[in-house]
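Scrolling down, you'll hit the structures one after another.
In the two assemblies presented below, subunit A is common to both, partnered first by subunit B and then by subunit C.
So, the complex of A and B:
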């Protein structure tokens, strides 16, 4: 009768081995994952996220557009609010990520009085031109990321973030 | 930066830029209504500090909340906290609290008191704009200190 039953000790051995194997594979994982910029990961679910911004109301002056999406990190599920700076360049819609390429603060358009036509990072004075190009001599080392955009029913949809294509 | 292994790695390389610590002070109420009140204030403060961290990720480190009880000896806690944070390489430290006793009695020098606003019945949009308004009031306090030296 007891033959077919898994003894307590056996059971513990099984489970511990299971955990051990799992941990071994866990050691390889981080190295792969770190290669992906978390900013780029955000939209990586692939789909476009709708915003409440009407495309017809966009002008050449960058405006802030907010959007929300669900994010699951481990067991911690949260609704994340993202932001983009959006403007029109001729017929093209440009949406830039507000995440500073230095250490990740949120940049604002025209918030520095001395540079009213630039994005400004309040953390260490990083600056970017309107197309996202970082101003040399300020801490950021690269241009602001860009979002894929599309228009649907007159509204702006934002896709995955990608390296800046305008600079 | 958040108090996570990944952000900490970045902090350890870039601590000259990330020179500010933000510490939420959370009071734990222990009887019925006090528990509800404490939960509501904690929710508000954690939302607020998360938002602040998001805006100023590259400049500040958000520490895990320091928690105290009704019966805690505040003066003793304060001196313990201040002493251990002084050992960390931060140039500026801000304690954020919804409990006026910390700032009013000057127990902690750098406590910023923010009146708690119950968020539980707000929809996301309203919640976000309320939090933004609050953060907008804190920013001048931070920047004043940052430009002060």
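So, the complex of A and C:
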């Protein structure tokens, strides 16, 4: 016995803890994987969504374009409405996301009378220029996101929102 | 590392006597299966508790997806079982555990009965045990409605009709359970959900605490 470096007490400790740990993780592992599933799920790629906006009617003044699409939220499917602010810059169509880059409220074009040529966020007074660039000194820390756009049969189609490429 | 953290805390808070008092007891020979194999019947109480812990844990996780609403309950259960990773396992744990806990509890009750452990001075613990039994059956009954499929619906109709057959107050119990005097629907489901995940587990934990404190005070009953 004197030569053994693992005592009986230690041996029992290790085996009991090992078996106990194995059983506990066998129990907890499925539950934890179950709980973190949303984090590990692959995001869906965005398809182009048709809007009722005629491209020929767009001008240099941003207009609000609402569009609806099917959203699958777990077990719940619904039609949700999204919004974009769309205008023409020469021949290029620009569609900006209305989601404020400060804390996610919704911005409007020209709703602040003192700044009729800017986007305005009512939550904390964030402002953006027409191309989405955030006005320094207001809360937002980055420019408005931009939608992929395409024209089909004279109508505007919107794709996924991506970081602003105009600023 | 762990030892050092333990020592650091122990030096300040003297926690060793706390867990010693709870965990450090010799297992009497007549309840130790290593001495007499037939003593395994003394394990059923612990096994009941073990399955109860699994029920509580798996139930907490199921609640992350489960929706107590008649439009969505079935869909959310279908989704969590078929779309979420390990959903089948987690729901399976809760589903089979619900039956297993009753089996274990029943075997534990038989052991207590046939070893005469309910006799003085342990009468109160027998009474608490019976209350635990009732709460467990309540959990099984209320949980069974939650998947909101046909089996759940009709099992609950039958259960509520049985409750309604109680003399004098039956009708009153029925409305209290179903939340409506005729419909078994939206209000029944939300009630059963609340009872299943809040009221009965709280009662169960309180009763289990009383059960275990009494066992600590009185020790395990002696050999036959």
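Observations on the structure shown:
Definition applied: the second predicted complex is superposed on the first by the 122 of 167 C-alpha atoms of A that agree within 3 Å, B and C clash if a C-alpha of one lies under 4 Å from a C-alpha of the other, contacts with A are read in each partner's own complex, and residues count from 1 in each chain.
As a working rule, a residue touches a chain if its C-beta (ideal position, glycine included) is under 8 Å from a C-beta of that chain, and two chains touch if they have at least 3 such contacts.
The shown structure was predicted, so the numbers you read here are calculated from the model rather than taken from an experiment.
In the superposition on chain A, A:167 makes contact with neither subunit B nor subunit C. Looking at the shared chain after the overlay, A:123 reaches subunit B, while subunit C stays out of its contact range.
Judged by the touch definition given at the top, the superposed model places A:76 against subunit C, while subunit B stays out of reach.
When both complexes are overlaid on chain A, the residue A:68 reaches subunit B alone and has no touch with subunit C. Contacts of A:104 after superposition: subunit B is touched, whereas subunit C is not reached. Of the two partner chains placed around the shared chain by superposition, neither subunit B nor subunit C is touched by A:135. Set against each other, subunit B and subunit C differ in how many residues of subunit A they touch, and the higher count belongs to B. Residue overlap on subunit A between its contacts with subunit B in one complex and with subunit C in the other: 34.
Residues 27-28, 30-31, 33-35, 37, 40, 74-76 of subunit A touch subunit C in their complex. Interface of subunit B with subunit A (complex): residues 6, 10, 14, 17-18, 54-59, 124, 128, 139, 143. Touching subunit A in their complex are the following residues of subunit C: 54, 57-58, 61, 64-65, 67, 72, 75-76, 78-80, 83-87, 89-90, 93. Against subunit B, in their complex, subunit A makes its touches with residues 34, 66, 68, 79, 81, 100, 102-106, 121-124, 139.
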